[in-house]
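Structures incoming, each one as structure tokens.
Below are two complexes that have chain A in common, paired first with chain B and then with chain C.
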Partner chain A sequence: MLALDFAFFTPELISGYIVKGFIFSLQLTLVAMVGGIILGTLLALMRLSGRPWLVMPAAAYVNTMRSIPLVMVILWFFLLIPLVIGKPLGAETSAIITFTLFEAAYYSEIMRAGIQSISRGQVAAGYALGMSYRQTMGLIVLPQAFRNMLPVLLTQTIILFQDTSLVYAIGAYDLLKGFEIAGKNFNRPVETYLVAAVLYFIISFSLSMLVRKLQQRIAIVR
Partner chain B sequence: MSTWDWQVFCKETTSGEVASTCFGKGGDITYLDWLLSAWGWTLSVSVLALVVALVFGSLMGILRTTPHRGLVLLGNAWTELFRNIPLLVQIFLWYHVVPALFPILRGVPSFILVVMGLGLFTSARISEQVRAGIQSLAGGQRMAGLAMGFSLPQTYRHVLLPMAYRIIIPPLTSESMNIIKNSSVAFAVSISELTLFALQAQEETSRGIEVYLAVTGLYFISAFAINRAALFIENRVRVPGMIGGGGH
Partner chain C sequence: MIEIKNISKWYGAFRVLTDCTTQVEKGEVIVVCGPSGSGKSTLIKCVNGLEAFQQGDIFVNGTSVGDPKTNLPKLRSHVGMVFQHFELFPHMTITENLSIAQVKVLGRSRDEANERGMKLLDRVGLKPHAHKHPGQLSGGQQQRVAIARALSMDPICMLFDEPTSALDPEMVNEVLDVMVQLAHEGMTMMVVTHEMGFARKVSDRVIFMDQGSIVEDATKEDFFGKPRSERAQQFLSKILSH
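Now for the complex of A and B:
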């Protein structure tokens, strides 16, 4: 049995290696969440619009993204973005673009389910009051869909937070990378990976407990 | 952008010369050989991990529906543990930490460690589905089983599980497709599967688009094949009279 020694986890190590990665992981999660939900809602509206020239590209985009492993999507974007914009792009920026566009596909499926859960009568009522499509969606349907789906959207965000560790594939400096480099430099990989796992667990577990609480509160109101 | 060059797959990996048959001869391999063997690794990791996931996921899912508090707690703890740590971190734990903590496991090939990592990660999701499947059955079914004189294991074996598994075939199908996708993280511990092939062949040949397209296509085909297989099973085990069941 190997003797574990966590004494090397000093504040200097944490501020030198971990904090930088942690901030990037959080930044990536938040940007991809906000951007993904906005794009995802647009995709969902396209898919529910009933116009084939909007439905088909949106469906193709969502289905393609959902059938490719995230690691491959990360690699694809890292390869293609520089070809499209004509200059090399840092791994971190590439990761932010990739996750926003990738998560949009998953959020769009959630928003589509949310919009479909609103009864048709509400849309009809909106039109009957003389509201336009934009007003009906923006003032009546989307707020309710968003509210109903909030727990699912947040659960997806917890998955997104865990998935940010996959930027390992292109060498971006995220939370996991911080732990890995610290482990290599102090020659203590076993301890650093263990602490990384515990930290990811604490964050994901407490967030999912919060989502569960929120779910109960929303369920009562409804 | 440059033009397509699919001939890259016929090149030998060491000399870079184009093999006439597209397959390597006498110990040499072409990128096509490598691609196919990588596909084999992806499928092996996925299928074995699925077996591990089904065994542990079913066991833990069943425990969570038993009347014993301790067993429910064990099942819940298992599910939360494996669900709340990122897959890549779990793979690293299996690869770097588990052999260091348990010296008996030091000689275990990394392929087995990845299968365990991916399998137990997925077992948490399957345990959720099995639990939901059992709980979706009317409570009277369990009581009827017990009232007939079945023991609790017999009630599960003959009454609850046959129905529960049929109900959860659709979510199990998507989980099986997820396993194919998730097996891509095995590249991080140097399993020579599709994603590692994509990374290395892209670097060696500078033909990233062709290489990635081939790899992505194989992921598509694999997931689609699982989807068809699951549909076949679903049709074979249909219970007449249920929603979606056969009418005969």
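Now for the complex of A and C:
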């Protein structure tokens, strides 16, 4: 018979095990989102530049990253980088860099679609006013592309948040790790994993609802 | 002001412009007309280098458009252009639409740019709409803002690419009125349009294009009175028959 007992879930347990991991998961998500969108936008601009020496490396990067399972990228990066730089990087730092580089590939595809959704006439209007490529992109095209794609970018970020749990592969202390250790110490793994699942669900689901609201608002403005 | 010399352009193997030559003097208003696909929009976009051409050259105020060393953004900053689909920036207010290029391209202060923008917005009769976004305006209003935006850069000449073709019929005149006023003030204008009433009223010369070539380049009196080419006669009889 399954007898669940949550009595050991005290504020002390939460502040002792969970908060530290939660902060790291959040940090990882936010840094990888901001870094990934910036890097992804650059990759998208490279792919749309029409210059083979920019298109090809960007396309190769995006396609490679999208063809390898994330957990392998996490592992390889953790194992290879110390060999290159000569000293261990630490699981947390390694995870942050890996996620930023990996997510950039996905964000780049979203931004590419966003940029392509802006009519060529808008670009022509920017140029006709004397703007440079940089100004036309930065002032006219990217703000519109970003706004149009905001719901998709945020949806990708929700997936990213869930994927951060994969850092268990290199032993980084994230939200899931906090629950795992607590479960072991109190010998209550079923209860802790259950609470972890509920927490991931609540966070992801409420963010999804937020995205849906946002989508409706953007639809009205347009 | 604008010299177009033996321009030819190809899309791959397809020739869209064939040896086009004409010029627009300072203060002149030139109307370019012709059936769709005749290359008139392509030709006008070559003038400010929005479209590249493979042969010939265009000079705007003495500056070569075809020369790779020419600073095209600088040249474009004083050649105004109005598009068929307005192309206002939908994520900005009307005020921002009018000031952004003045600030970012000409380096004017925001106050100066706003003042200039408001003056022009008032001139096209839309001052009360300054705080709105383009999506909240009608097509005719948007096109008038687009004209004001181009004028805010103090252009030496203006290019119009079918400025009324995307408008509902009842909005065509409010845009043409602004253009007529501009012509009377002595602005140098090159206008691609099917509005023959406008051509009759204010143009100095009419250029008729067909299949990528300039077939007829005549004063409006000659063009409407006795067009020489058969193709232009056919075109005129078709669009003026009602």
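The rule we apply is simple: the second predicted complex is superposed on the first by the 222 of 222 C-alpha atoms of A that agree within 3 Å, B and C clash if a C-alpha of one lies under 4 Å from a C-alpha of the other, contacts with A are read in each partner's own complex, and residues count from 1 in each chain.
Here is the rule we use: contacts are C-beta pairs under 8 Å (C-beta built on N, C-alpha and C of every residue); 3 or more make two chains touch, one makes a residue touch a chain.
These figures come from a predicted structure and were not determined experimentally.
Partners chain B and chain C, brought together by superposition on chain A, fit side by side with no clash. In the superposition on chain A, contact is made by A:Leu176 with chain B only, not with chain C.
Contact with chain B, but none with chain C, is seen for A:Met72 once the two complexes are overlaid on the shared chain.
Computed from Cα centres after superposition, the angle at chain A between chain B and chain C reads 110 degrees (steps of 10). Looking at the shared chain after the overlay, A:Ser132 reaches chain C, while chain B stays out of its contact range. Judged by the touch definition given at the top, the superposed model places A:Gln122 against chain C, while chain B stays out of reach. Of the two partner chains placed around the shared chain by superposition, neither chain B nor chain C is touched by A:Leu30.
Look at A:Gln162: by the touch rule set out above, it reaches chain B but stays clear of chain C. Contacts of A:Ser204 after superposition: chain B is touched, whereas chain C is not reached.
Which of chain B and chain C touches more residues of chain A is settled by the count: it is B.
In the superposition on chain A, A:Tyr193 contacts chain B only, with no contact to chain C. For the overlaid pair of complexes, the smallest distance between C-alpha atoms of chain B and those of chain C rounds to 26 Å. Shared contact residues of chain A, touching chain B in one structure and chain C in the other, are absent.
For chain B in complex with chain A, the touching residues are 1, 80-81, 83-90, 92-93, 96-97, 100-101, 103, 177, 180-185, 187-188, 195, 198-199, 202, 208-209, 212, 215-216, 219-220, 223. The touching residues of chain A, counted against chain B in their complex, run 1-2, 67-72, 75-76, 79-80, 83, 162-163, 165-166, 168-169, 176, 180, 189-190, 193-194, 196-197, 200-201, 204-205, 208.
Residues 119, 121-122, 124-125, 127-132, 135, 139-140, 143-144, 147, 221-222 of chain A are the ones that touch chain C when the two sit in their complex. Partner chain A is touched in their complex by these residues of chain C: 45, 48, 50, 72-74, 76-81, 83, 85, 87-91, 100-101, 104-106, 135, 149-150, 153.
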